[in-house]
């Protein structure tokens, strides 16, 4: 269990970090959608390793192949299967970690759960798995674009360097103009310097990504358990290294009084709006047509270039040595993943909402 | 959609705030579990309105009836249906809000979604719905108790009054000894005073609940999308008024370096443990046997005893007046709800894990 | 597991034969549907015991109560919960079968599965459970009526007495004019005589029900596993005592050549039709707009008024004596159940189909 | 929707007849199962076209590749993805049927549903899709073999040539000794002659496959909607060209009296058995440990080598000419498909049953 997401616009992913391939089957994409393959590739490129000096220097082509569900450039309503082959998974030597439990990785928990695991590069628990999410998310984004909905994200914090401005004060398109994907260029420089310094210290650091969804009609989201923000939260928390999710006023909002927190309704040109938006565009779990915004907290990457004490499968003390090429900070490459998961949630709820009324 | 939760231990709820009844159908409880009805009632009583001066003074008996699935005191493996009748839903006059959209409530979004809504007390969007969760959660707790697992929660923040100690430094059983359910008695007094003052100001205030799950075996949780903390996060975010969820190091953890954040493994008496627990008992989405702990942020209650500007269904400006008896702060009564949702998640994942291996 | 049916128009049932109540929660009925309570009651009455001399003489009121999801006579989009209380489940003495395994009943299999069972009247395995299906099916029928779709059924065989005419040669409304629900009045008389004779012999007999669905638009049904007839077949096979399902040409069709079996397309007044309909209105698992028709085979009722050899839980030889008042033939009362299950399938697939296209 | 099957042992398939590839993702196979690749290939070979003179003469290699979920020869508990590339899907000319609706095919219904379709060889509606089922079924069979359960099938009828013996009187292993897969060698010869003659007449013919499942423990199957035979029936009805399903006494059983139909229990060497088995190994939807047996009716293949009248997308009259190489009778190649679907159902229910009890 665990490799499926969504209800109507539903995805099923598979693949290990160093297996033959990763992929996704998308079942439930409405028929007739133009599938822009260059857009899918550009999204994969935003997530790709080796894209800048502050990401891992590993090289993976991340070229995809659509093997079903698209005919003459359009979705047919049947499952869209996308495969991304792993470039070179041969012969690489993982014997030094084969039976060791790397600290704060999933080696031990997979072993405890299954009694067997593909230890090469973390196997199924590797963040390499997110390549399939980004491919599926690209299809969801194309669907949402058709309906005038956008899902954007940017880096709003690295370590203690925090972007204090709200997304409403920023030009979000600036985020793609620097390698850390922060829309404030001067803070971006500081963030880049911090990540670079951390890397030189053979260490890693955490960060926060802010997501913004615009153009959502009022009425998306289901009462009680499948509230829109609950599903969005699950989507974000399912991304590797995520430790927290908040939307609208979030954790800070608990300090407020109701009289300051409530968003007053008004009508403008036949549209119902709210004067403030501490609700984060969602009330009672259902979108109200305002922007949806949220924060996602990522812990520092567990793989560090330092020796660490641990144990192996036999329970013996061992040293885990940092080797290979890894990300010193995950948030720059996680921006397209956050966007992809947002798009998958909204696409799904958009289709679900078609059954609301007679 | 939206009124079901879980995969194997699965619940389906129904009912409106001022309808005939609320209830839950639990499908998937293993056969042979002794169903302690007095325990279920005691859990409902912890959530019940009118239990102290800092909660709403409304009176609801919240008496339940089990109408199926239990035979001679034990679960039979068939659906357990529990009904809680609403005491007195007649004749109450809701005409003053029938067509008004109360600020930061779900009136507008339900109307936008369905084109019709039961406006009495918020209908399905009312927090009264959580009575069904607590009843189901009580059954889940009984199941978990059988396997030595406990799910506890307490209030760790009201407004800006924050409990700075970790749960490991506290006696959690103290939480039930005061009406705000904070295990630090002196802080509890301050919290009570703050809530009482807020109430007198005809206002409301937010807060944070911390949850702690002990006794979980290593191996619960599913890779990729259904990570244990992702499902736990969804469960918490689905509770009325929740704006955020974090587990382990959470949002603060983003500031750390990996070398400080990683939890070192060691072995003690045939058991694998970690020296620190910033992971929050979950690695790669799967429990590692350490305590699971998390925070849930609740916004201030939207219903305030003040006049507020808003609009009605026709789009006309109206005044929404605060009437009736409402909670000035939701967290004291939300403690058993957080526990119930934790228990439902763990019970479900415990059963799912039975299929891990040959 | 097992007590839920449907994907979008989804139902969850509960209740034991001699428990407190049976019921159903319908999640996913679109908002705005007028809920005609007298229609629901009339459907329940068609299934009710004691309605004629050829059914069981047990008396059950089968009065229902809607406790949620309906406001001012219309569905609100939230779960519709319907409860049917069992009239008199007290004190009845079941000690004579408490530990015996009745032949061809589910006593042994429930015991083998769960290690515990409510032995009173078969508990959850009793056909009394279908009262909840009929209540839910009535709501589904109301939804389908709104879209011009009807789901009818009638008895086409009792024992070896077979109605040789096709449904197209019959006036189906005649079925409700006799107690066996066969639209051919002279054959109906023979069937009634046969059932009556069987009853006098303290025995039981099987039969076949034919279902006919009219007004379905082309395009309902999902490729591959969730073909319309596959879901319809599952729905029928889930009814107590059903041993077989066939649609269109069915089992007889295997003898034909393709050149005789194929249905030729033609166009009439802007509508695409087929000259014959051996396909049974479904091609590739998707409705083509022609009538959907099918047969459902019911075995003879297992409870007979004769002594039978069996064993008890301890494995000892025992005699099971026929007692009480039971149906000598299940098909007359099963007609509304077949209709209800048809309606549930079509309602669900109608809503699913809303997501087919952009 | 529609391309997923199962609850815990769950499969997701994709692919079009003349697309790049077909495949399946199996999520929920327990970890530690030895994956015998040669067995998977042998199962695919049993379904492969061109295997004898009575099947289509098309050549497809049907070679598969496992790209995830297996490590060092064993399942790891993560999704097993299997891909079967289409040999030669280039340039073939389908222009003669591109806009025509072939009689009793899914061309029209797919067009009505989606407004677009991959017309090459039927696209997603082609029986070529079943190659993915057989691959997944092979994994399920390996799992069941581990627990001593077998799923076999054979041809019991072609046209009006019917095998009158019960499976208990036959040596089922004989079925693989002739090209029609009927365990009675003399009847097999007649069947082969009939199919051959039908082929020469440029026509097709239907048939019946009987399935037999042995070694199932008592207790598999879920009450009410997910009865074991209901899921089995859905599985069979989802196979291309299937028109009917019956198990145990089936349609013939309706003629019997209860006193003849009931299966008496007895105990033999600590095992509870029934003297007869008209129940077909399932009572109340739950297996009782006896053999499960059932019949599946297949209509004559719709593609015939004759000219047929039809219409095109524009509604104009057209002639559909029979071209290419097609099966004159589908049942010989459908035997491994019936087995595969049986195995998928039993594997899933076996895992589900692990949650029955404390």
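The first chain written gets the first letter, and so on, giving A, B, C and D; residue counts start at 1 in each chain.
Following the convention adopted for this analysis, contacts are C-beta pairs under 8 Å (C-beta built on N, C-alpha and C of every residue); 3 or more make two chains touch, one makes a residue touch a chain.
Computed from a prediction, not measured in an experiment: that's the story for all the values here.
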{"item": "Steps in the shortest chain-to-chain touch route ending at subunit C and beginning at subunit A", "value": "1"}
{"item": "Centroid-based (C-alpha) most distant chain relative to subunit C", "value": "A"}
{"item": "Subunit B and subunit D, separation of their C-alpha mean positions in angstrom", "value": "46"}
{"item": "Centre-of-Cα separation between subunit D and subunit A, whole angstrom", "value": "39"}
{"item": "Centre distance in Å when subunit A and subunit B are each reduced to the mean of their C-alpha atoms", "value": "26"}
{"item": "Where subunit B touches two or more other chains, by residue", "value": "1-4, 8, 13, 28, 31-32, 77-78, 113-115, 124, 223, 352, 355-357"}
{"item": "Subunit B - residues contacting subunit C, complex", "value": "1-4, 8, 10, 12-16, 19-23, 25, 27-28, 31-32, 65-69, 71, 74, 76-81, 83, 113-118, 123-124"}
{"item": "Touch list for subunit D against partner subunit B, complex", "value": "8, 28, 30-33, 77-78, 143, 146, 223, 351, 354-358"}
{"item": "Touch list for subunit C against partner subunit D, complex", "value": "1-5, 7, 13, 101, 103-106, 108-110, 112-115, 124-125, 129, 157, 159-160, 198, 201, 203-208, 218-227, 229-231, 233-235, 237-238, 240, 243-251, 253-267, 270, 272, 274, 278-280, 282-289, 295, 297-304, 306, 308-311, 315, 317, 352-353, 355-357"}
